[in-house]
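Two complexes come next, and they have one chain in common, chain A, joined by chain B in the first and chain C in the second.
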Partner chain A sequence: MEDFWWNVLDTAQSILDGLMFGSIYALIGIGFTLIFGVMHKINLAYAAASIGGAYASLVVYVHLDAPALLVFLSAALASGLIGFLVYLCCFRFIPTERPLATLMSSVGMLIFIDEVVVHVTAGFPEPYPAIFDDVMLVIGPFWIRGDLLLIFGLSIVAMLVLLYVLYRTQLGIATRAVAQQPVAAQLCGISRETTNGLTFVISGMLGGLAGAMIGASVGVLSPLLALPLTVKGLIVTVIGGLGSIPGAIVAGLLVGAFENVFQFFRGVTERDMYVMLLLFFFLVVRPQGIFGRVSTRD
Partner chain B sequence: MDFYYGMAQLIGVHTLLGLSAYVVLLTGQVSMAQAGFFAIGAYLGGMLTVLSDWHIVPAMLLAAVATALVAAIVGFPALRVKGLMLVVATLAFGEAVRLFWFNFDYQVAKGDIQVGPLGGEGFKQIRFFPENGWTTGEVALFIWFWVVLVMLALWWMDRSRAGAVLRAVGEDELAAQSVGINLTSVKVAAMGAGGFIAGLGGAIYAHYTTHIEHSNFGVVLATFAIAYPILGGLSNVLGTLIAVIFIQGVLVEALRFLGDWRNLLFGALIVLAMNVRPDGLFDARVTRLLKRLLGFKADA
Partner chain C sequence: MRHGILKPDIQLGGDIMHRVMTALGVTALALSMATVAAAEDRTVKIAGFGAKSGVVRSFGINTEAVMQAAAEQINANGGVKLADGSVGMIEVTFDDDRCNAEEGISVIRRIASTDAIVGVGPTCSNVAEPLFGILQGSVDDAGDSGLQFPIFTDTAIKGGLAKISDWAFRNVPNESEMYRSLFEWLQSEHPDAKTVYGGVEEDFAHSRFTWYNVMKPRSDEAGYEVKGESKWLLNDTNFTTQVREMRRAEADIIAISAHPFTTCGVLKEMARQRVKPMILVGLTSSSSLETLNGCAEQAEGIIIPTSFAPVTDAAQAAADAAAAKGGSADLHSAAAWEIMMTLKDVIENAGVMAKPDTVEADRRAIRDGLAALNEAEGLLGKIQRTDEGEAIKPYVFVFADEGAWKVLHDPGS
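So, the complex of A and B:
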């Protein structure tokens, strides 16, 4: 009986940790889903651009010795810039009715960004600053890492800002208009190219923040993070429903908690296998995702 | 000379991988599971020759059939979703397969050593070729026999009704459905055929490298698998072959003196190629042009 309660407590603790880490997945998932919502395309270079932005912010950290919060902010800015470059190189000049071409060009960009990072850092992991990493909150039987709690808080703030931009500003109205009816939006004088480009910048900034959060929670940055993060981000996007922002948030937290529980019980090598099974479960039972609508087009 | 035989082996195996993705791409579906199918073929083929002492040809064929079955079974749930959702579903399946082999141990004592797959350490000692005294040249010839066979089969299929059906589904699903084509069965058949070719390629791959491990079959290999036909163009099987020769022969080997910068160039070249030629290097116009130059009647 004693053991049983310990197990329940451990499970609850790992769900709690996983939820906090899941907020990073949610940010990445939102980025994928935003671009999909507006352009009906997947930008596979997205997670690599996020890690790239986090790397770029190391310049501020190492050379100017800036405080961690400023480093996070510069990661977001750098990643927004990279996002715009990705848009220019991989999406702007390729005809929209060639989904294979943009898929492939964004893969090329993923490889390119990854290799630039490897070259600049000689492939070594780089230390990344964190805030409150020595604080440990104890609530009843649970322990909460201060840095993870901060990450969770920052992610929530970023999501609220995004929702504000999308639903309360001119730019947000334009973005949603292009997402719903590209032709009608253009007839109303909204530039499709500008809106698409800005969407890449906004999602890039979210990604840069996510990259910085990963660096802060793990303590180091490594170019090896880009591929697993791409896979996890895509899974979150599909489970949440393509194009649905609340879906990406819920699915990000769900995947974070789910994988942490399985990591606790089955070890790190088997963990991702269960995440894939979760995805397949959703594909069979609810292919449109948690919040997705049933649609007949791609 | 052995170096060139080695090159020929590598290009042959990668061509099979690319062709397996080509079949699926004809129906307009992007499958990132080809590396996973390749892994299933490699491990099964290796286990049959090493643990059961089979000859390589039946081992390859059985591995390919088994992989085709897995691919068809995966096809049913995965093809409920389409387009970009399918990319993610197949990507996840490929990763799940890789993780399965990462956690899979099955070792048997043979003589005084343990053989068989061993989780993260991989599957060593797949020594069918050296044990039977095949030279590098013979192995290269063996591989290319299968490559040519598969390419001829696909070329013939492309000119038959089956090819027309696949392309019809790829061009416009709604139109294809309205002329009475059963979308699900066509897509599942394409997945199955792709699985067969990937399984065949995987089994050959396991025997020519003699050592496979889970990390060989990751997302990178899956990306290569779809990159060959997309870069080469879908109008012709030759496009895939040319893309493989270009990437593995020119980019990887001839530019070896560039060292690590090669990968950087590789990424940039893909981006450039897709901007300049969104339909692949070998698109319909180039095919027509080549046919005219070679004196064929332009029928496409």
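So, the complex of A and C:
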């Protein structure tokens, strides 16, 4: 009986931890979905650019001894810049009628960014600052990490800011217009290239924040992080519904909780299998994702 | 008249003599210069290879720096004496195998097609295992068309790999022996510690092998109760569940068999969840700068057995030379220094000629020389060589103290 209650408590704790980490997946998923929503293209270099931005922010941390919040902001800015460069290199000048070309160019960029990071750091894990990393809130039988709670909060704020930008600003209207009717948007005087570029910058900034949050949650940055984050980001995007921001948020939290629960029940070696099964389940039962719309001829 | 006749003859003879002497002198000079030139041209090519890209890039950088530093020292001290009495200078090349088995095999085939007479590498066990498999299994086996090229490994540490081929040799520490000694020593120093709990990076060959085949059985043999293990993957970022398991196990000793990135992640999570075991034991490969760079504060007190620490004059000199070349001497790269010095001795004693037409014979001579070695000089003392091409190296126990690795105990003392 005692074992049963331990299991119940551990399951609840696993869900709680997973939701906290899931907020980072949600940020990555939003970046993927934002670009897909606007350009109908997958940017596979997105997570690598996010980790690249986090690495770039180490310059501020190491040389200026900047506080953690400033480091996180620097990561967002650096990743926004990298995002724009990715746009220029992999999307801007490649004909839109060749989706495979942009996909492959972004794969190349993923590897390129990863190798640049490895060459600059020699693959050494780099310590990354965190806030409240030594704080542990103990609520009854549950332990909640202070830094993860902050990360969760920051992620929610970032998502709210993004939703505000998309639905309450000129830039957001332009972005949505290009996403929905690119030709009509251009006829209305909205520059498609500028909007696309800005979308990469905005999603890059979100990614940079996600990269910084990952670094803060582990306390260490490693180039190893780019590939698993890319995979998680894509899973979140598909489950949430391609192009759906609320979907990416919900799917991020769902995937975070799901993988933690299965890690608890089935162990780390089977964990990712179940996450993949979740993906297959959605692809078969609800291919448009949680919030995606069913595609029709029109 | 005769005299007069003779005089020109004598004059002529003197002229001839002068010319002959001059010619001889020029010839001698030319010959001596040619000898010098030949000696200068005689290079002993040693091909290093290992990971210089990807997340294990630092291993390749360090090994290359150490090999270059060792070669520089050998050359500065007069090079290596070859079988015909001439002197050869060591030339080191280094190729990147990206810690990838296919790439490693391709690299070694390329190296074998050059006039390199021995290879030093690779970094990763997952490269070493298949790579040793393409070498000739048994020397002189006419039915085995495997590559006949001697390889001396500095880093790939997974147990028992050299027995795959008679052409494979290793200078890696014997983890089984080191952890046996460590757990026995801990038993005598901390008799109140009774239980061990493990943490293992499940998807990395070395970490996994070391926990299941080394740490776990050796701690069991030392009389500890092994209460289980928590598992994670090489690129995991969330260790809350695993550390919760550790907390619940309430073990006296926690042994972490993982590389620096996840070791640091776990140590930080342990600090958050206030998991404070009596003794913390780490993986050999984590006794590096990477761990201190990533989490010096949380790693404070962790005990790791290692075959390198700058505790002797020779070890300190090797560490300084490596640093001057932009690398760092640790338990892996320092092995490359020992390999270079061992190879110098083998080359000088095995009849190596280092000529373009003796490449195959030189490779065989080096293989035979290495196979015949029973003992070699190491940075911490004598290294015993086994019949299977493995090394039994001296080692010490180090612990993290105020951001540095310090020697806790020397079992050999």
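The criterion applied here is as follows: the second predicted complex is superposed on the first by the 295 of 298 C-alpha atoms of A that agree within 3 Å, B and C clash if a C-alpha of one lies under 4 Å from a C-alpha of the other, contacts with A are read in each partner's own complex, and residues count from 1 in each chain.
As a working rule, a contact is a pair of C-beta atoms (placed from the backbone, for glycine too) under 8 Å apart; a residue touches a chain by one contact, two chains touch by 3 or more.
Computed from a prediction, not measured in an experiment: that's the story for all the values here.
S.K.: Is A:Met109 in contact with chain B, with chain C, with both, or with neither (first, second, both, neither)?
M.R.: Only chain B; A:Met109 stays clear of chain C.
S.K.: May I ask you to decide whether A:Val201 touches chain B, chain C, both, or neither, giving the answer as first, second, both or neither?
M.R.: Once the two structures are laid over each other on A, A:Val201 reaches no partner at all.
S.K.: Looking at A:Gly219, would you say it contacts chain B, chain C, both, or neither? Reply first, second, both or neither.
M.R.: second
S.K.: What is the contact status of A:Thr269 with respect to chain B (first) and chain C (second): first, second, both, or neither?
M.R.: It touches chain B and chain C both.
S.K.: By the touch definition at the top of the document, which applies to A:Leu234: first (chain B), second (chain C), both, or neither?
M.R.: Touch status of A:Leu234: first partner only.
S.K.: Which partner chains sit in contact with A:Val118 here, chain B, chain C, both or neither? Use first/second/both/neither.
M.R.: Both partners.
S.K.: Who does A:Ile290 touch here: chain B (first), chain C (second), both, or neither?
M.R.: neither
S.K.: Which of the two partners, first being chain B and second being chain C, lies in contact with A:Trp143: first, second, both, or neither?
M.R.: In the superposed model, A:Trp143 contacts chain C only, not chain B.
S.K.: First (chain B), second (chain C), both or neither: which does A:Leu85 touch?
M.R.: In the superposition, A:Leu85 contacts neither chain B nor chain C.
S.K.: Determine, for the superposed model, which of the two partners chain B and chain C contacts more residues of chain A.
M.R.: More residues of chain A are touched by B.
S.K.: Indicate the residue numbers of chain A shared between its chain B interface and its chain C interface, in ascending order.
M.R.: 115, 118-119, 227, 269
S.K.: Across the complex, what residues on chain B touch chain A?
M.R.: 25, 30, 77-78, 80-85, 87-89, 91-93, 95-96, 99-100, 102-103, 120, 218-220, 223, 226-227, 230-231, 260-261, 263-264, 266-271, 273-275, 278-279
S.K.: Quick check on the complex: what are the chain C residues that touch chain A?
M.R.: 53-58, 61, 202-203, 231-238, 240-242, 244, 260-261, 264-265, 268, 271-274, 289-290, 293-295
S.K.: What residues on chain A touch chain C, complex-wise?
M.R.: Interface residues on chain A, with respect to chain C: 10, 13-14, 17, 21, 115, 118-119, 122-127, 133-134, 136, 143, 145, 214, 217-220, 222-225, 227-228, 260, 263-264, 267-269.
S.K.: Okay, in this complex, where on chain A does chain B touch?
M.R.: 36, 41-42, 89-90, 93-95, 98-105, 107-116, 118-119, 227, 230-231, 234-235, 237-238, 242, 269-270, 272-273, 276-277, 279-280, 283-284, 287, 298
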